[in-house]
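Two complexes are shown next, each including chain A; its partner changes from chain B in the first to chain C in the second.
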Partner chain A sequence: MIAYTLLAGLLFGLYFSLVAVGLNLVFGVMRLINLAHGDFLMLGAFLAYGLYTAAGVNPVYAIPAEIVAFVLAGIALYYAVVPRLLSSRDPEMLSFILLFGLSQIIEALAVIAFGNDQRAIPATVFGARPVTVFGQTFPAAWVVSGVVSAAAILAVYLYLYRSRLGYATRAVMASRDEAASTGINVHRVSAIALGVGLALAAVAGAFSPFMLGSIEPDMGIRITTVSFAVIVIGSLGNPLGTVLGGLVYGLGLMLMETYFPSWADMLPYVLLILILLIRPSGLLGQRVRLA
Partner chain B sequence: MDYWAKGCGLPRGGWYSVGVVALFIVLPFVYGNHDLLFNMMMYLALAQGINVLFGFTGYLPFGYVGFFGSGAYGASLAVLLLHLPPVLALLVGAVIAVLLALLLAPLLRLSGAYFAIASLAASEVVYYIVSNPHLESLTQGPYGISLARAYDADASYAAMVVVLALAFGVVVYLRNSHLGLALQAIREEPVSAEFAGVNVVRERTCAWLLSAALAGLAGGTYAWHVSVFYPKSVFDLNISVFAIVFTLFGGVATLLGPIVGTLLLYGLYNWIGISQPEYFQLVFGIVIVMLVLFLPNGLASLLRRVNVHVP
Partner chain C sequence: MRASGLVAGYGQLQVLWDVDLEVGDGECVILLGSNGAGKTTLLKALLGLVALWRGQIEFQGRRLEGRRTDQRVRQGIAYMSEMGIFPNLSIEENLKLGGYYLPRREVRRRAQALYEMFPDLVQRRSVPAGSLSGGQRKMLSLAKAFMSGPRLLVMDEPSAGLSPRYVKEVIATLKQLHSEGLAMLVAEQNLGFLELAERVCVLDAGRIRFAGDRAALQRDDILRRSYFGLQEATDAPRD
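== the complex of A and B ==
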């Protein structure tokens, strides 16, 4: 029982890292909290659902389409609003409110386009046989989601630490002004980071029917809050810290669901408040927050 | 400083609030949809409650509905378990909301978006506790509350008029007092405010408790008015969101801004929002985005541009 819980926690932990890592990347680069993060995940889920129902496309093969569509959407969104916001009087609060408005727009358009019904992709799309990992048996969809998440996070690592673009991205994270003064095209780097952030959310969305329950237009805000909890637990502004946050959250969730199921829904919120009050810089944080 | 406008017996903005309150006393005699009037008053009061906190101190309480819900539950349980008369029960609801605010006061150490999300999380925690099936013997869990015995549409309407007058009173007071000025100083520059002799922690806690008390009163009165409700309906995030956007739309830190914002947007909601909520949500989202991009200080800033004082 405990081995099953821990392994399931690991799979879900990897998946929640993927759900949240885009939010943290965007925060790290632009210092804005993308309140529409969960709504982009929802759109990614609907794209995967659409591809599955229209052409029987397996969600794993939907990933390239998700990446192309959402990187482009992110770049467009960046140039449409972000430079204007960052130069305003109170960028943090104003962007927060603006992205909340965007989340309302996306949710409303999703209801208008897809209706309020709950959708699902049958988990048998990955084969009907459960998979055995270290002697414990899991639904194949969980294992596939875990593996895809791990691969996506590895890709984020390669992007940030093994590419020229990632080098520039980390410079912008450290200081926007200094990066600009060394000749980095801050807007281009940030626009791509926003695109990558949204694409990561969309890829997570393709697997949400198996990990988060059915797809519905109003799932966004809940997922944004959970993602925020995960990145705060890890460390704000440090994308790879998200993995630690995701694992802590995934294990916590599985333990709660096994031992105190009726209280499990409260977990992300309680964790979020506790971490914000006790250790606002997160488990991996080093910097001391002012005031 | 002229705290009191010359020539009339009320502080600046006082007459507007008296006018709006009088309107809601007269309207039920000529207009049949009392529930609409009641909800309008409720959002007017909640928007002013948001205004007290967000307008004057800059803390954006996404989880404001937590105080509304705990006021609703506090008042209802006072009626059901302690058998108090409804008017006293409303005060119990307000006290519960204030106690919750005291418990959550450490959240004020967080700033900006962190506070907004942490307060949202706090209201979710309260919701999950209240609606937990294990607490059915106390709160009836997810099955909701029925106050059929205490139901009184007219008395609860009158109570909401009083709550509305109180909410206006608080904002008029803040607009014309040292406390209001101190709070706005904290919003703009907390460190300098502290240097200037403002007790930052005490003043902002004061605004936090005032705003929680208003939401608690509004929540209790709402519970009394509808008399049957579920945890989902009194902890609905949309209640916070409506009150916040109404306030922002009209203009924060003014008395008239939230009034105008609520009348226009809640009017719009009743026009298209009830039959087709998704189209209302779309308009609502577009309004929010446009506000931030083109009018971050709300409608009131349009008047200020042409040098009209907004009370």
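== the complex of A and C ==
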């Protein structure tokens, strides 16, 4: 039982890392909490659902379309909103209000477009047979989600630590002014980071019907809360710290659902409060915050 | 670079009042001033990091107002701020970013040349820049600024936080770069940097109080006594 719980926790941990990593990337680059993060994940989920119901597209094959659509949406959103926000006197407070408003608008539009019903993609889309991992059997959808999440996190690592654009992104995380005075087009780098952040959320959304049970237009705020808990647990502002936060959250969730199922919904809030009280800089601490 | 009538500030607070400044080709201008005189604001306004309320800036015959900071840098102005480095990135990554908009082969060639110029950095090229000592950080900051092959190097208090030994090293390095034709604008409080200067500007409460050559500064008794606390004329002002 415990082996199953731990392995399931690992799969869900990888998935929740993917859910939250985009939020942390955006916070690291712009120092803004994207309160609409979960709503973009919801839109990614409905895009995958739409492609499946309209053309029978497997969610894995929907990933390229999700990436292109949401990178472009992120870049457009950046240039429409963020430069003005950042040049205001109180960008943090304004961003809270503006992004909360955006979250509400996305949710309302999604209700108009898709209705309030819960939707799902049958897990058999990945095959009817379960998959055995280290002697434990899991639904194929969980394993596919875990593998896709791990691949996406590896891609984030390669982007940040092995590419010129990634060096520039980390430079902007350290100091926008210093980056600009090094010759980096800070707006372009930030716009791409926002696009990547939204695309990661959308890819996570494509697997949410399997990992979260169902999709509905009002799921965004819950996802944003969970994502925020995950990045605070790891290290706020350090995208790769999200992996640790995701694993802690995933393992915690599986243990709670196994042994104290009626308490499981409280987990993100309890972890968030505990971390803020005991170690506000996250498990990885201040020194890696800008890594 | 020629700047005229610069007026700038933060929010409602005006910091610069009709500042005129000129740095000729290959010239070194030292901008002196005490804390709060507006030196950093002036440099940031030249780079576009602080919004200009009024005034004109011209560099190599082109107007700079309204251009982004990175566009000004690409025109040949390098800025060495007090921070000067990205502490979370390795030395090598810092240097690569210094030549961000150059072709990769050119970046490699220039980084190699700078490693020869700053041998202390070679051994530690993969360590985070934040782990370097204050002096090494300044050298890295200088190397990073120099990566882009600037025509004008703008520096904000390169001596800040350095021991006298490192200050001498920084001055010697700048002297070498200047002898190769690099124009420099150096904001400083340390009078030791005057030995680099062809011209000196003194900024006080956001206004240029003096602009002239080093000899003229030394002849200005009022300025020497009231501002720098120097008692007698010498060939080179003392720190």
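Basically, the second predicted complex is superposed on the first by the 286 of 291 C-alpha atoms of A that agree within 3 Å, B and C clash if a C-alpha of one lies under 4 Å from a C-alpha of the other, contacts with A are read in each partner's own complex, and residues count from 1 in each chain.
What we mean here is this: contacts are C-beta pairs under 8 Å (C-beta built on N, C-alpha and C of every residue); 3 or more make two chains touch, one makes a residue touch a chain.
Note that this is a predicted model, so its numbers are computed, not measured.
Peer 1: Let me test your reading of the model: by the given contact rule, A:Ile105 touches which partner, first (chain B), second (chain C), both or neither?
Peer 2: Only chain B; A:Ile105 stays clear of chain C.
Peer 1: Is A:Leu23 touching the first partner chain B, the second partner chain C, both, or neither of them?
Peer 2: It touches nothing on chain B or chain C.
Peer 1: Would you check which partner chain A:Asn185 touches, where first means chain B only, second means chain C only, and both and neither mean what they say?
Peer 2: Once the two structures are laid over each other on A, A:Asn185 reaches chain C alone.
Peer 1: Tell me the contact category for A:Leu47 with respect to chain B and chain C: first, second, both or neither.
Peer 2: neither
Peer 1: Compare chain B and chain C by how many residues of chain A each one touches, and report the one with more.
Peer 2: Ranking chain B and chain C by residues of chain A touched puts B first.
Peer 1: For A:Arg89, decide between first (touching chain B), second (touching chain C), both and neither.
Peer 2: Both chain B and chain C are touched by A:Arg89.
Peer 1: Touching A:Met173, do we find chain B (first), chain C (second), both, or neither?
Peer 2: After superposition on chain A, A:Met173 lies in contact with chain C alone.
Peer 1: Touching A:Leu277, do we find chain B (first), chain C (second), both, or neither?
Peer 2: first
Peer 1: Looking at the overlay, does A:Met219 come into contact with chain B only (first), chain C only (second), both, or neither?
Peer 2: neither
Peer 1: For chain A, what residues appear in both contact lists, the one with chain B and the one with chain C?
Peer 2: Comparing the two interfaces on chain A, one with chain B and one with chain C, the shared residues are 89, 291.
Peer 1: Under the definition above, what is the set of chain A residues touching chain B in their complex?
Peer 2: 33, 81, 84-85, 88-89, 92-98, 100-109, 111-112, 221, 225, 228-229, 262-263, 265-266, 268-270, 272-273, 276-277, 280, 291
Peer 1: Provide the residue numbers of chain C that touch chain A in the complex, in ascending order.
Peer 2: 11, 44, 47-49, 68-70, 73-74, 79, 81, 83-89, 93, 96-98, 100-101, 104, 144, 148
Peer 1: If you look only at chain A, which of its residues touch chain C in the complex?
Peer 2: 89, 164, 167-168, 170-171, 173-175, 177-187, 290-291
Peer 1: Once bound in the complex, which stretches of chain B touch chain A?
Peer 2: 58, 60, 106-107, 109-114, 116-118, 120-122, 124-125, 128-129, 132-134, 190-191, 237, 241, 248, 278-279, 281-282, 284-289, 291-293, 296
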